[in-house]
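Shared chain: chain A. Partners: chain B in the first complex, chain C in the second.
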Partner chain A sequence: MNSTFLLYIVDGVVLGLIYALVACGYSLIFSILRIVNFAHGSIYAFGALMTLFFINQGINPWLSVLITLILTGMLEMLMDKVCIEPLRKRNSPGVSTLIATEGYSYVVMNMLIILFGSGRNHFETFYDLGFTINIGSLPISSTKLVLLAISGGLMLLMTYIINKTHVGLAIRAVQQNTTSARLMGIKVNRIVLGTFFLAGATAAVSGALVAGYYQICYPTMGMVMGNKTLATALLGGLGAMHGGLLGGIIIGVLECIVAGTLGATYRDAVSFVVLIVILIFMPSGLFGKKDITKV
Partner chain B sequence: MKKTLSILLVLVMAISLVACQPAQPAAPAASADAPAADAPAAAPAEAGASDTIKLAVVGPMTGQDAEYGLGFRQSAQIMADKWNANGGCLGKQVELVVFDDKGAPEEGANVAEQIVADESIVAVVGHFSSSLSMAAAPIYQEHGMLEISPCSSHADYTGIGDWIWRVSPLSADEARTVSKFVANYWGAKKVGQLVMNNDWGADIAELEAEFLKSINPDIEVVQELVVEGNDDYGPVVTNFMAAGVDTVICDATYTVAAPFAKQMRLANPEIRVVAHGNCQVEQLIEVLGDQSNNFYCSCSWSPIFSDEETKFYCEKYAEMDANDTTPIGDFVQYYDTVGLILQAITNCGSTDREAIRAELAKIEYQGLSGLLKFDENRDCPRDYGMVYWDQAQQTWIQNTEWNS
Partner chain C sequence: MKLLSVQDVNVFYGSIHAIKDVSLDVEKGEIVTLIGANGAGKSTTMGAISGLLPKKSGKILFKDIDITAKPAEDITPLGIALSPEGRGIFPGLTVEDNLRLGAYLKKDKEYIKRQYERVYTMFPRLKERYKQVSGTLSGGEQQMLAVGRAIMSEPELLMLDEPSMGLAPNLVDFIFEIIVDINKQGTSILLVEQNANMALKIADRGYVLTTGSIVMEGSGKELLENPEIRKAYLGE
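The block that comes next holds the complex of A and B.
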């Protein structure tokens, strides 16, 4: 294997980690409500731009991420209260919720354009430790290592929250049967809101990290990213955090190999071709669980 | 509890957003400056028959390229204000009616339909990109509406019809300038082309490859096509490095060129990067940060010029622009186009479109972006210059440096 091909793979793994980070939010919302949140891409852009705003005010970058994390969490909660809960109460069909989240996405994106302008903004990398290690002929920068550590850590944290905590237990209970969960004393609305908050928080972290990695952020940065990470989440199996990680790395590596060998114009098609193939043979994705519906 | 929570959420979000709101651009002085939806519906029977001379100014006022649209609108307005301050044109006030094509070709055609429906509009200043201008041009041609595009450089654009003109130099002019610069001034041996996958990108890349080969048959050209929206250029950078290019020409807008150049320079700062006039924007320098030194752009004008007209334009632009941006050559071409049309109207003494068109064929107008003189194809061919940045300051290189 020559060094050029190895570079594609290294770039692809990093890209995959980025996709997996953003895909977390899709998985969380889907795991409890069985809806795909099309607004997640715009909220991810909101996370990046708000972090930049706070950094520009002289606030420490990590503290800026923390403040933004609360704001993006609340933005997701607001979406639930304004767009999704009313539809849920009326037992509206799932497609109504999809369209509502799509509409909310455009509202957030246009609001960002009004506030920050449509141009590209420089976002200084705030997690560059200033060293590069060489594995053979492959240079791997500290930013890639930090990205790897944070992505992996975030996946583990989410998996722990879902599988090992009372909140996670409640989330899983609501996912399996809302009525039974309510009868068991679980405050369903609070759990739903909490899940939206968590999804928003992951959007802030991923937005800030990705913007820092590419050193750029802008209001429409979530459009392409949103579509690809949705494909990532579906490939891994919506609701399965570790699936998102693997799905991200598969898509990221394939994209970089295709972009490098066939041309960058084909890269966007890769995610969706892979997705279609996987969904034909494994409709629940690589690690997703089949829905069992009572008849 | 639920209501309180909802209200609290809305309040927190609203306060946080208001707190981070930057200064807004000054509100348009006249109602005519409003976007298409607010454009006056009623129109006099003849173009310019009212007390004003109306020109449509079209560009991406919203959407991804909105920062360009704002610059176009402001630049056109400076020229209109200048004429109005001197008594107007043929004794009438000049009124700009601003239309938003959102930078989308299908929207360009919709806007063109709105414009041709308004008989009071004398001419169209726009659109920005070749894709949009070429989508709208057949409609203007069919209705006998004069369209003069300040920035569309695609070779086929003016061939659409005799109502279709351009002030912008052609893609061939841009390609020739950059090719000569790269081959003669830099002595490049292996050139990479980062090509944005649209009409303009494909056209100019092909022309550059031809020019480069004609200047030096031994030059190797490596082409990489990209689409806007992906900020990851890792595989492209890897390919350019593996091919051993010494120079990369960005046939792309700054939205692609800036993140690419950043990643390219981080990987190999020795590879030289040059782009076109649409990259002469401040955002590119902001995105590149300390990597912006020695980034080159071909362009028709630079704000560092010391002539009186440039000083006047830059002063007015600074007064008008709430965002404190520095104007670029593309903005100046909107300024020049409005001036050119008003001069043609003055020369022929009429707002009749046929008369203006006949006058345009023989006019020689000294604009900021050069001497505007149309050839038989309704084009304004001319050579570009080159700017480069050093410590975020532009430096101009006259084209005689590499033409000789």
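The block that comes next holds the complex of A and C.
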């Protein structure tokens, strides 16, 4: 294997972890409400632009990410309160919720355009530690290492929260059987809100990291990312977080190989080709449950 | 003392009048059973008491607290536990996680440990399988889990909806013995059953529900000896 190819793989894995982190948000919400949140991409863009906004006010970049993380989490919670919970209460069909999230997506995106303009903003990489390590002949920059560490760390944290904490147990209970969860004394609406917060928070961090990595951010940046990471989540199996990780890495690596060999024009197409293939041949993804109808 | 008092409760599903002016009481320490045919409104009554279903009219008091308008998640902490129709276990979670959820609102680790022990003593089978994903248990084991989970928080009133459904006869006997045992430990019980014979044998009192209305009530013994009941529900 030549070193260019290895480089594609390293880049692909770095990218893949970010995709997986964004995909987590889809999976979390899907596993609880059995809906796909189409506002996720715009909310990710909100995370990037708000971080930039706070950095431009002279606030420390990491603190900016932290403030944005909380704000973005609240933006997702607001979405649940104003457009998803009312539909849930009326037992509306899933497609209404789907369209409501799509609507919220445009509200957020247009709000960003009003606030920041529709143009592209420069976003200085705030996590370049200024060194490069060499593994054999393979140079890996500090930005990539930081990106890997943060996205990997956050996914571990999410896994820990869901599998090892008291709140996580309640989240898993609601995923399995909402009625029984209520009988246990679990306040389901609060758990749903908490889940939306987690989804928003991870989207915000990924938005800021990606914007810093490519040194650019703009209000519509979430369109492609949103769809790509939905493909990631579907490939892994919606609702399965570890599946999302593998899905992210597969799509990330494929993307880097295609971009490197066929040219960057085709890079965004990769995930959609993968998406079509999974929808045809593996509708429940790599780790998804065969039967996803909710009882 | 009246532990539970249901007064003239009406529940509708859309335009269908599911239960009509249902009134029933459970005294502290009693086993009360609600019998009736399929679709008579037994599970609806349970759903109404536990707060899963909205009531159109009527009143429900538990320990003299008005719980009519309270949702299920606010009723559970008062000391009512329902083991629902169809068991309602969390199939993807382990046996132990299911039990832990039964006492979700309790934080005291020592307390939880004691409750695990209590449930495992009653159902040794669950102890053997505590790490197993509960969806892979047999029907009988799932029923044990549903009952075990419901008593994890030591409720004052345990409501059991068809605990014998789909079980082999020896398991039915076992479950009924457990119910009597739980009652002896101080828990009052409201039991919904299609197996009227077994239910009336262990019950202090019983109510008969027909198409949404209570048509008869009496002690377990009286109902068991009533010729009409024998004909309608005991297959004679």
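Simple rule for what comes next: the second predicted complex is superposed on the first by the 283 of 295 C-alpha atoms of A that agree within 3 Å, B and C clash if a C-alpha of one lies under 4 Å from a C-alpha of the other, contacts with A are read in each partner's own complex, and residues count from 1 in each chain.
By our rule, contacts are C-beta pairs under 8 Å (C-beta built on N, C-alpha and C of every residue); 3 or more make two chains touch, one makes a residue touch a chain.
Keep in mind that what you see is a predicted model, and the values were worked out from it rather than measured.
In the superposed pair of complexes, A:136 makes contact with neither chain B nor chain C.
With both structures placed on the common chain, the touch criterion links A:268 to chain B but leaves chain C unconnected.
By the document's definition of touching, of the two partners only chain B reaches A:223; chain C does not.
Contacts of A:93 after superposition on the shared chain: neither chain B nor chain C is touched. By the touch criterion defined above, A:187 reaches chain C but does not reach chain B.
In the superposition on chain A, A:71 contacts chain B only, with no contact to chain C.
By the touch criterion stated above, A:179 is placed in contact with chain C alone, chain B being left untouched. Across the superposed pair, chain B and chain C touch chain A at no common residue.
Within the complex formed with chain A, the residues of chain B that make contact are 2, 5-6, 9-10, 12-13, 16-17, 20-22, 62-67, 197, 224-227, 229-236, 238-239, 242, 254-255, 258-259, 262-263, 281, 283, 286-289, 323.
Taken together, the chain C residues at the contact with chain A in this complex read 50-52, 71-73, 76-77, 81-82, 84, 88-93, 97, 100-102, 104-105, 107.
Residues 166, 169-170, 172-173, 175-177, 179-188 of chain A touch chain C in their complex.
Residues 4, 7-8, 11, 14-15, 50, 53, 71, 74-75, 77-78, 81-82, 111, 113, 115-122, 124, 189, 193, 214-216, 218, 220-221, 223-224, 256-257, 259-260, 263-265, 267-268 of chain A are the ones touching chain B in the complex.
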